[in-house]
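Both complexes shown next keep chain A, but they swap its partner, so chain B is in the first and chain C is in the second.
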Partner chain A sequence: MTEYIIRRFFMMIPVLLIVTGVLFMLREATPGDPASVAIGQETELNKAEYKATLDNLRAKYDLDKPLALQYGLWVGRAAIGDLGNSYRSNQPVREAISERLPVTLELGGLSLLLSWIIAVPAGVIAARNRNNVRDLGANFVGLLGLSVPNIWMAFILIYFFAVKLQWLPPSGWVRFSDDPLGNLRSVILPVITLGTSGAAVIMRLTRSSLLEVISQDYMRTARAKGLRERAILWRHGMRNALIPITTVVGLELGGLIGGAFIVEQIFSLPGMGKLAVDAIYARDYPIVQGVLLMSTVTYLLANFAVDISYGLLDPRIRYD
Partner chain B sequence: MASPPAAVDDSGVALAGTRPRRAGVIGFLATFRRQRLGMAGAVMLSLTIIAAATAPWLAPYDPNKIDPLRVLESPGAQHWLGTDGLGRDVLSRILYGARVSLYAGVLVVSVSMIIGTTIGLVAGYAGGLIDALLMRAMDALLAFPGLVFALAVTAALGPSLTNAMIAIAVLSFPGAARVVRGATLSLRERDFITAERVLGASPPRILFRHILPNALAPIIVIGSLRLGGAILIETSLSFLGLGVQPPQASWGSMVNEGSRFLERAPWISMTSGGAIFLAVLGANLVGDAVRDTLDPRLRNA
Partner chain C sequence: MPRNAAPTPSRSRLSRRSFVQLSSVGLGSAAILAACGGGNSTSSSASPSTGSPPTAKPSDVVVGGNLRYAASRDVTTLDGHVGSLSEEVTIFAGMYPSSLSYSDDSQIIPDLAEKFEYADNVTLTLTYHTGVKFHDGTDFNADAVKVNFDRYLDPATATPGGAALKKKIASIEVVNQTTVRIKLVAPDATALASIGGVRMISPAAITKYGKDLARNVAGAGPYKLREWQKDDHLTLERFDGYWNQAKAPVRVPRLDSFIFKPIVEPSVMLANLKTRSIDVAAAVQPVDFDSVKSQSGVVAVERKPSSSSRMYINVRRAPTSDLRVRQAISLAIDREAIGKAVYFGLGKPAASVFSPTNWMYPADRPIPKKDTAGAKAKLSAAGVSNLSLDMVLPASEPYRSIALVLQASLAEAGITVNIKQLESSQFLDALKAHEGHLALDAIGNRSDPDGFVSGNYKADAPFNFAGFNDVQFEKALADALLLTDQQQRRVLYQKAEQRLLDEVPTVFLYNPPGLYAQLDTVQEFRIVDFVGSVYDTTWLKKG
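What follows is the complex of A and B.
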């Protein structure tokens, strides 16, 4: 097991190299010199001064060095937590991200929780009532959830709960430390938007993976020895059905991160997604790069954790 | 002996009572037609296609014609779905928006299927180092969380529909490559391929004339399942202003423009979002039905 964990960990390295390479190359592909972006449009400098400032900035951001060296420096610094400074505000990227991180974590965590609360019982009901009305209903609702665009769902929720009923604020963020209740109110609609879209995928998978387990011999044995239906379902059925479901939770996290970018924008939540999207408009590439690197690494680590947890869920799985 | 539990084959509703399949397009259509949800999806998707194809004739107004006297008019006899913040006809813009989403979705899926299939065929057939390198590269591309990667590409290359489409295509082809590689691996060992090789057929001939036709079913399945997702990402990017640029009408940017008038004119965001939903739901239903028809074993794909 330990050996597997180590091997699986080292397998992430080539992937990380490609991922960082792509992110780095994307900055290279950006039209225009990052240094000139940093100077901004409004400064009025004469030609010589402009040239000098540009050269200064190019040196400061390592833009005067060969490409391979630039990449090496960037990766090396990122590895020790230095993601550079914002071109616009000169704030360290790490600081900007850690300011925004709690918002995204709260949004993502609650959404993931909500989608599990909806999806697992719905999937179990669908599987146990295979092919009857309840199964068809759950299946169809799942497909609906898969097809509803986040952007549409969000505005339907805002329209009914914020504009018409005025129960909840349409957008904005209240910090938990300032006002716990206000924080909850500001996060309800975003969490419903994001949580329901994730629920659809988990529900469909719970159904199909439980269906496969239900037909196994040990389920019949469990029933034959007179176990209560609930014990059969949860202890024998769900524990085995959980394995494929965990995989998808790892992959779902990607959808969650992407969805958070959109949802934060709609509800003006000051999270990482909003930070990145605003930075894209402002062509503030260190911020964009930093956030994308962070979310990709998180995603990689989550899937690493998922792979490891297989062994805990199912001792039969051997890693050789 | 008790009869085996009913759940032995996870074929679901769609396949219940399937007769032995006839080959070819006609057989496919005959099986497909029996799937009610799939047919409903086909109707929804057809509506989108008709809207896209006939927008210039169906649209009652020029989608970009600004009318300052008729700003935010509610739906009525003159403008069936009302007007937007610049007095443009919402219905006409939705019809034209269908063109963008459908064009982006279909083109992206076709291109990524072609790239993915080629990579999968080569990797599966060549094996060894080439296979390992190609598949590790695919893994790395799959390691990007979807929309995040699309954002990175549009951030770098600048916001435009073409760049958004490139991003979505790069996201889609690694999945196809994996599936095709799997199919190729098993086909490669079959006798008729060995026979071809013995007869001296060149690798490209074996790949494209013999392996590809036999691997077509999973490719079509993956492609049709991807269409809905591709449309969703396109509309999300357009919503963020990173896809289609104004004044061109697109569903995603219409939802965004309408969000500013949610109180006074909710119909702008509601109807354009509804159009996205209908098209994506249609594509997903058709995708599911195509999978059940062609290859029930891929149910969890």
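What follows is the complex of A and C.
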């Protein structure tokens, strides 16, 4: 098992190199560069002076060096934890990411939790009451969550709970360390927005997965043995049904970073999504790469955790 | 005065000109160069153009409190020499004063410099106040001024306006601790404003922070930086060592803190205003203006239109290389429809390259009306039919909506427009490369007429999409810069504009309204053209 873990860890490195390397190369293919974005269109300069100003700025950002050298330098520094500085604010990328990570993790984590809380019981109800009213009802709720666009849900929630009832703030983020209650109040509406859409997928998967498990022979055996229905469901049914669900959760966990951009934008939450998108528009390469690195690492770790958990859920799966 | 750089109203960060944003700032001198700035003239205490109650008696003014100001985007840098977005300019006004400022009616007035005068038409002398301190406690003096100019003009700093200003300045000399003498290469009508607009940063901070000046503030303004949480909030707090505390009967600055909050979604910004979670909403969309006006406890302000949207027509590419085709386009478009569809009746259609707030604006010129028949006549005179033209624009509002309106009115004249929305960087590239026949653009406010014409129509300008190259036009602009007499300059700029009207490398579309809203508890908050938000005398009424 240990050997497996070590092997998996080392396999991450080529993946990271490939992903970040491709991104580096994409710079050449993408129009625009940080210098022309920074200078913009506000210029009294003639063409020669404009070019000179661009060149100065590019030199300031090290963009005049050969691409391979730039990449090598970046990898070398990243390996010791130095992800460079933002072109615009000179803030160290590590600091920018660590400022926003808690926001994204809290938002993503709570949304995922909410998805589970809604989806798993709904899926179980649907599976157990297959094709009757409860199944239909659960399906409907699930589909509603899936079909309603995040944007619309967000605005409706803000309108009712913030503007009309004034129970919650319309936007903004309060740090947990400053005011735990304020933090909770600022995160409720965004979490509902994200959680309801994520729930549908998990619900449908839970339902189908459980349905398949329920029809298995060992379930009949358990019932014949005289076990209580609840024990059958949870100890035998769910434990097996959880495997495909866990796979999906692994993927969703990976997508936490940068995945909630629209919700962050609407609710003015200083998260990774907004950091990434703004940096992309501004061609703030150090930030974009830092976020991509973070995102890739998260995906890899999440999927790694999921693979390990298979071993826990299903004794037939072993990694030696 | 800082460069004009009002942003797009959308998510794009690029410092493109927008004209829905209110706090536009401009470049260039008011044509009162010949005047000597005298004494300690205070800025007028006038309120914004509509809506605010008159200045209260000193005994009513309450000191303290925190103003929450919401803008559409966060600032990207706190470096007073580099920042040029309108959001940055707005905050910089309170943190980093410069040598000169503007009054409510756009006259250049003293700020850190108590006097400015031209000894001859290329020698400018600035005399500074004494007793001014920076936020870090160091002294402000003529040496500091020189350090600041050196940094601003240094190519390595890569300031937006540095290269252009460097061309104009021959030398900067520290005469004594309060006086700086600047010699220009040649007389230049815009130099005073550009020079006066260089913000002053503490030299000690420049040395200490280096590149990190993008995240630190050491200016001489009434407010200093407490903290900046990017995309969340930026808090400024009162600077007790502010040199100009005696400006008004009651202490200045008056607020304990000024909190700048970026809220990207316009409707969320309004929700915050409605729930009184913010005090000032810096940008209100035209569609929301009426409902905001009718809210109790809220003051909605419509400022005189100061920016302008325009369309460039490529004169180098067929079929728009034919003057008659360009004239047809100009006749076919419906400016009033833009006003109705995009701006809900606010603002005004444009008939001039200059915006309504500029002294060159021809107030009595009639707005061209849509003339489909005339357009068709021009097209048949040119011997063309079933034209298909490519229009490039940034992929954001209001450009998208304006493009649709234009597409419809041009279709009536038999011209098909293919709308190509481009990401902001791609749009810049398209402008530079003259890709397409038509391009939509916008320009913010400028105090000097030169600012409206040089950036996009001069032959050697990088962003001259139209490819316009006209000898008479260039000569008129060059001559006008050398003069100081407003009447003489007016004649020249009229000539220049006439060339644009005759050759039609561009069509002037609309002057959008400047809209913002505030709670009625906010007193003496002003937006001043070319300065930004002025909040040193702002106070909050209780209750």
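Just so we're on the same page, the second predicted complex is superposed on the first by the 262 of 320 C-alpha atoms of A that agree within 3 Å, B and C clash if a C-alpha of one lies under 4 Å from a C-alpha of the other, contacts with A are read in each partner's own complex, and residues count from 1 in each chain.
Following the convention adopted for this analysis, a contact is a pair of C-beta atoms (placed from the backbone, for glycine too) under 8 Å apart; a residue touches a chain by one contact, two chains touch by 3 or more.
What you are looking at is a predicted structure, and each value in this text was computed from that prediction instead of being measured.
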Partner chain in contact with A:G255 - chain B first, chain C second, else both or neither: first
Tell me which partner A:Y159 touches in the superposition: chain B (first), chain C (second), both or neither. both
Check the residue A:G81 against both partner chains and state whether it touches chain B (first), chain C (second), both, or neither. neither
Can A:G226 be said to touch chain B (first), chain C (second), both, or neither? neither
May I ask you to decide whether A:N56 touches chain B, chain C, both, or neither, giving the answer as first, second, both or neither? second
Which holds for A:P66: it touches chain B only (first), chain C only (second), both, or neither? neither
With the two complexes superposed on chain A, say which partner A:V277 touches: chain B (first), chain C (second), both, or neither. both
Return first, second, both or neither, reflecting whether A:E212 touches chain B, chain C, both chains, or no partner chain. first
Once the shared chain is lined up, is A:Q265 touching chain B (first), chain C (second), both, or neither of them? both
Residues of chain A at both interfaces, chain B in one complex, chain C in the other: 30-31, 155, 158-159, 163, 170, 265-266, 277, 281
Chain C-touching residues of chain A, taken from the complex the two chains share: 30-33, 36-47, 49-50, 52-53, 56-57, 60, 85, 88-91, 96, 99-100, 155, 158-159, 162-163, 166, 169-173, 265-268, 270, 274-275, 277-278, 281-283
Going by the contact rule at the top, pick out the chain A residues touching chain B in the complex. 14-15, 18-19, 22-23, 26-27, 29-31, 130-131, 135-136, 139-140, 143-144, 146-152, 155-156, 158-159, 163, 170, 205, 208-209, 211-212, 214-215, 220, 244, 253-255, 257-259, 261-262, 265-266, 276-277, 279-281, 285, 288, 292, 295-296, 299-300, 303
Touching chain A in the complex, chain C uses residues 3-5, 11-17, 76-78, 84, 155-156, 158, 160-161, 163-164, 167, 211-212, 214-215, 229-232, 261-265, 267-268, 271-272, 274-275, 277, 423-426, 428-429, 431, 441, 454-455, 458, 460-463
For the complex, which residues does chain B have touching chain A? 2, 4-8, 10, 12-13, 16, 37, 136-137, 139-141, 143-149, 151-158, 228, 232, 235-236, 239-242, 252, 255-256, 258-259, 262-263, 266, 269-270, 273-274, 276-277, 280-281, 284-285, 288, 299-300
